[in-house]
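Common to both upcoming complexes is chain A, partnered first by chain B, then by chain C.
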Partner chain A sequence: MGELIVKNGFVFDPLQGIKGDRMDVGVRDGKIVETNTLKNPKEIDAAGMTVMAGGVDIHAHVVGPKVNVGRLFRPEDKLFKSPLKRCNRMEMGFSVPSTFKTGYDYARMGYVFVNEAAMPPLHSPHVHEEIRDTPIIDNAAMPVFGNNWFTLDYLKNNEIENNAAYTAWLLRATRGFAIKVVNPGGTEAWGWGLNCENIHDTVPYFDITPAKIITGLIETNEFLGLPHSMHLHTNNLGNPGNYTDTLDSLRLAEGYTAKNNFGRDQVMHVTHVQFCSYGGDSWKNIDSQAKTIMDYVNAHDNITIDMGQVTLDETTTMTADGPFEHHLRGLNNLKWANTDVELETAAGVVPYIYSPNVKVSTIQWAVGLELALYSNDLMRTFITTDHPNAGPFTRYPRVIKWLMSRAARDATMKTFKWLDRTIESTTIDSIDRELTLYEIAQMTRAGPAKALGISNTYGGLAPGMDGDIAVYALNPENMPSDPDRIEEAFSRCAYLVKDGVVTARGGEVVTEPAKRTIWVDVKVPENAQVQRDIYEHFLRHYSVGVKNYQLFDEHLHNPRVIEVDTTQ
Partner chain B sequence: MKTVTITLVNPPELYLEGQNITPDNVAGKTAAEIATLDVWEGKQKSPLGKYFTVSGNGGATAADTKIVFRGDCTRVKRIGQQMTAGEIVVEGNADMYIGGWMKGGKIHVKGNVDSFCGIGMEGGELIVDGNAGHHLGSSPRGEWRGMQGGLIRVAGDAGNDTATFINGGTIIIGGNADIHVSTHGEGGTVIIKGNAKGRVGGQMVKGDIYVFGTIENPLPGFQRVGEVEQEVAGEKAHFIHHVGDLGERHPIAKGKAVYANLYTRI
Partner chain C sequence: MAKKIENVGCPFCGVCCDDLVVTVSDDGKKILEVENACIIGSTVFHRAMEDRHALPRLRQPDGTFKEISYDEAIDYTAKVLHNAKKPLIYGFGSTNCEGMAAAAKVAEKAGAVLDNCASICHGSSFLAIFDNGYPSCTLGETKNRADVIVYWGANPSHAHPRHMSRYSIFPRGFFTGKGHKGRKIIVIDPRHTDTAQVADIHLQVQQGHDYDLFDAFRTVLRGHDIPDVVAGVKKEQIVEAVDIMKKARFGTIFYGMGLCHSDGRNHNVDIAISLTRDLNDFTKWTIMAMRGHYNITGPGAVWSWQYGFPYCLDLTKRDIAHMNPGETSSVDLAMRDEVDAFINIGTDAAAHFPIEPVKHLRKHPWIAIDPHPNMATEISDLHIPVGIVGVEVPGIVYRMDNVPIQYRKVIDPPEGVISDEELFERIHLRLCELEAEDAVNVPAKAAPEGVRAGE
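What follows is the complex of A and B.
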């Protein structure tokens, strides 16, 4: 591995507080180094361009069984959309791209790290095999806990220590990264044909409320001191009037502070908040409550959120929120897949069209942008589209354009069929705020990396961090008057350097450096009761033996382990 | 209108992917330029001139261009795929996907065609003098928006899965149809002058089917509601009117549930 220097770019690195200073960034042997230690580096001329760390995506569904169901049952998503072979491997699909296209497209946008949003523990081998097949980008995957029988049983009896031991075991068994919670209790209740529509709805049989699951998992997470916080998809997601339930969920974090050695400050990450910020009581009078939600988030430092921005595309929804997907297919009558995953979770997949001609879609579009534009702290508010639920990740550059340009928002709003009613039901038209490149760097790199607890490696350009550098053809001193140029620049980065290797140039992938799987290995004291519970559940209830359930090492691709030791 | 004559002189050993041979791609080109259009035999890309001789130049626009295929094109697929205007005449047979996703213009095949012809059609006219294979005027794999518009007229028989997810447009089959007609249909009209085998209108929400002959195995999801006299495809006849598919959802329009209509001649 050689040396490399990215010269004369305008550097934006919120982790170090660098706000567009013209400076050089050096890399040796895959790591950022002080430029004065370089001897004979290869040069990249970034004069007049924007330099950031490689992008970090905190929440996207890119690998695993439900993504694959989406790929399988949407051949039309590929038709006429992938005729050319641009890279080493075939690229297909738009809303649920093939693994290869996923890796390449993230690299084209200058991203290097993607956190898979929901891994059904039983299917972790599939998740890891797809991680292996997704080129370039480093992946982590979060196993889902919010409807897991073990978790429900332990938390019902306030056995945080036992739940922590089980969590540590499951993270190891699945080579998982963090605690994901999807519609806590509701997905399990769906097994009885029910749902948990608010945090006080009791889960049948388990006799526990979502509120208790959420607080229990926060406590478990902080007990263990994991890099990332509890990662929450709230109850009653996607329904008019759900903002009160969302506020109830957010309030559960009150009184908790982060305990970890990874520089993370939040105890709760609430994902795709766009889907959780609706007022009204029906689809007829749905309105935006983004301001209410953001007022709360702005006032509480121990919460981070991501947007889940609707991009007004035809896309494919997929979530571990089984009852929600069932509900959604009743709304749009399209093809539908749902499954229950034994003792753990469920999932569903339904195609969805967010159309500028549909009032609800355009209101959703406004809600997502309002969340970011009302945020006082963009280190706690991140860009996502909940790929592919609200839109494909390849639209991040368009989301950036909307955030950076009022004119771009206006141009999109002009295409809305129900513009008046969208403006009535939202406040998007009254917001003039335009985000800066520094704020975009916070939302797409520094912030997510900090929230994930990986900001010592990703999301910044300090010496010692991974040599991941994205260069965009945008001059902050002379920003283009046409906002479409912003989208273009972020869609096709001028350069992506990953681990010190020039990976993309002029928006095209030129090499495929080795990718990694990031997982968290937690050492906990031996816990005989949990060992016995695991033995018993696998004996009585699982369809597989515990030995076969745990990931075999050959499934794990190029691991990078983050170690947490709770025994000290 | 200018005519380009494309004659198959060197038949492919495998099948030929001819999606580039449309009036849209041929317009504004000379015969020599047309002979350089890409076609694929399996995965091998070759110029069209490897298999065909081309005479005549394209018109200024697609609408101004007519393509005539001579020779045995039984192994040539995707003729006229995604065409928007102009005319294509195939003097003999053609293979699969003829007129797939076409938006306008006219295709006339004087022989038989294979499966998937006229799939995803949005407009224009596809006339087949012989028989058609399966999935005529159907939706592409996975797609829930099938035929949107246009006209397909087959003089002979059609295979199975005609008009799956049909949404608009008209299909007229002169002969018989095999199983599965207008499955999941949400609009459009299918007229079968001969007999249908069965599963006609399964899971249909909206749209019309006329069967002049008999349905060997009618579906139980259709209910007889009366008799009507109508002129259909130039023929006046008495029909029994059924509505269905009662097992499927049915939207309410103006206070009344909308059903698909199935008419069988008395």
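What follows is the complex of A and C.
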């Protein structure tokens, strides 16, 4: 593959504590190496530019059945919103882009790793087919567990070891990456058109509370020592006054510490927290409780969060939180798709318009930014838009702009129809903080990689790690006075090197290196009871045979397996 | 010693039974026995080896076919696509998703129109889904939870023989331990079909008046009065049916061609979706299209993730995909004689299209890709035989509820016969070569200037 050196850039690598030092980064055979070992490298001149590791996205809905429903049922998302072809394949769609556009756009922004936020296990072959067709970026996918009948039964009876054995089996069956939990219990209740509105609301029939599902899955996760932690979408998400439920959920992590060999410190990752930091008791008096939430998060090291920043676009919401999407349909009366998945989960999809003319939208916008701006530790607070729920991932550069520039925030706020009411209901106007490039590197690379337990490979520039380097045309010693230049620089990276190959240049994709599927293979002792339970449920209740449910090797594409052995 | 292969998926209908047991001969060439399949499914396997060709056949000036090599057939196809202004690639009901993805690559390279059987089948469902959404579920949900089942304009007894026993009426699921006894079955059909035989309530709707009846259902559901007779059905019967649906714990409406191909078409499906949505204000209801072929759901899925459109994809603009059924749908294109080359794969357009479009299509090169001879292959200029997906070729197919099922191979294809996927990959390679040859002879066209969305 040869050698490459990125010379004279301002390097930001939080994993090594490098804060904008002018230095070179070397790559040989796809891996970062000490620059003095290079013999005759190709050179990239990064003088006057910012150099970071390739970006890592901890939570985005990019592949799989509900994403595809969003694509299928929204032809209007393509109309006048798709760019003309300029790579190998056409690029269609805006809020829910085609697989090809997804890969290309992430590469243009300097990202190399994207964690698919929710994989219904029954649909894993679909997820892997889409992963195959998503170019360049490495993908992992998290199967959902929080409403899975096996999990509910085991946890109800405190059978952590059995649940762990089942979890290991399902991760292998679906070639999954981590334990995702969406509206624990509530989505199962949705099977009957019901919901679990707080963590003590018992799941119909299964007679277990969401609280117990959450703690049970934390225990399972740490019992197995998985790379990533339990990844939680809280109960009662998206409703006014839900911050108390969120705090209740966060408190469930108290007393747990991370046990793993992957450098991860948290036991709970709470995702798109913007959607669960609302005060008030109706859409009329909704306000921001981001400060309350962040005070708690700041004080508790065993929790990480991501933002779920509203970008004020017309987008497509999609989540395994079936009852929430049904609720949302009632709010905006747009079209509603839903799929309940047997024994496992559900999903809903509803288009949504976040408008600067709508008070709730602009309050949501402020809540998201407040979360990051109140954070004391940006290694635990990550940039996401819960793509495409609060906005498409292609808006990350805009989110970065808002975070780095008070002036940019002010300019956006000037467009709000209900500016006074927004300022009244939030504290965004009182915050002057502007994040630094180092902090952005923490939020978009080092932090997510560490939280995902993959910081030995992704998210940093230490020798031995993957040769993934993003170069942005931003000079930290001479930052542009116009914040729009920041957005521009992060939208179209000057260079993206992936696995040592120059993949994008000047914001355009120039080549398509092979992409990978990352999954976690857990070895657990033989467990006859779990094997029997699997046999029984598939015999009687699933509509697919167990042999056909488990992903065939031929449908797994370019795998990179992370092994965990619990039998030692 | 014969070999038993278990967990085999059935390459017939959208029910996608995956519990077949197929016994094959020792040499892996003959199918001896098929267990668990319905009569149609079992016939697909038993007749797999009948009337097969091992080589492509090219039409000669005297009207007869001559066998040619795969390389020659691929070269012929690539040249037809390369020279055509608006080729149409249509079919795909009976192949795997890998083949569909490869075909899309070819269509994009060639600047073709890409369409599937939904165009003449559940396409109207897509139109309704675009407008109104799709509150649905997987078939296992219906089996485990449903206590009320509605079949509307569908006759699974004949079209989807194991649908009722695997998923809807008869099975005992987790919360439905009584099976058939615990379920109410409502069948709405102008005919007294064999499905209507097992119904608790059969509403004999006047043909073409489904929309009226749905409207009456919604009206009653919302607590309003209706006329004494709507769409040929008595008010009492409607009220009774709505009451059952409203009191259900979990219900599923399965609808078929009776809705999407009678008067109203997409509007019938649209109001069926609205009814389902309304019912969800009271209890839990879902709706599902009874998709026909075993993988007709596949192209809708594959092309949605590749281009964002499920069918009627016009890729002839080469830099952007465009979908507008009526303008870019196969039959309409052919009716207007806009297509100047036709590839028919995994379905039989000659048998299914009206005669006028077939006549128009027949004026231009017609290439049929199918394991067996059929009407399309027999009137074609070139017939390229391929392996049968689910019998000789493995791969992923999508069941009618969008659940991916991994199909297996049970026997070898006739010697030398390749898969759809390999065929399209090779056509793609040949197209790239032809383009490269062109580039040497003709100065390259300027690359289109990209425009970012939102700019």
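Note that in this section the second predicted complex is superposed on the first by the 567 of 568 C-alpha atoms of A that agree within 3 Å, B and C clash if a C-alpha of one lies under 4 Å from a C-alpha of the other, contacts with A are read in each partner's own complex, and residues count from 1 in each chain.
By definition in this document, a residue touches a chain if its C-beta (ideal position, glycine included) is under 8 Å from a C-beta of that chain, and two chains touch if they have at least 3 such contacts.
Since we're looking at a predicted model, the values are computed, not measured.
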Touched partner set for A:F552, first chain B, second chain C, both or neither: second
First, second, both or neither for A:F73, with chain B first and chain C second: both
Contacts of A:G185 with chain B and chain C, given as first, second, both or neither: neither
Touching partner for A:G54 - first (chain B), second (chain C), both, neither: neither
First, second, both or neither for A:K335, with chain B first and chain C second: both
Partner with the higher number of touched chain A residues, chain C or chain B: C
Which superposed partner A:S543 touches (first chain B, second chain C, both, neither): second
Intersection of chain A interface sets (partners chain B, chain C): 73-75, 77, 335
Chain A to chain B touching residues, read off their complex: 73-77, 79, 333-335, 351
Touching residues (chain side chain A, partner chain C) in the complex: 63, 65, 67-69, 71-75, 77-78, 81-86, 89-90, 92-94, 96-100, 122-126, 129-130, 133, 149, 190-193, 205, 326, 329, 335-343, 346, 349-350, 508, 540-545, 547-548, 551-552, 554-555
List of chain C residues in touch with chain A within their complex: 6-7, 9, 18-19, 97, 101, 105, 108, 126, 129-141, 143-145, 166-167, 172-175, 249-250, 277, 280, 283-284, 286, 300-302, 304-310, 315, 318-321, 323, 394, 396, 398, 401-406, 447-454
Chain B to chain A touching residues, read off their complex: 140-144, 249
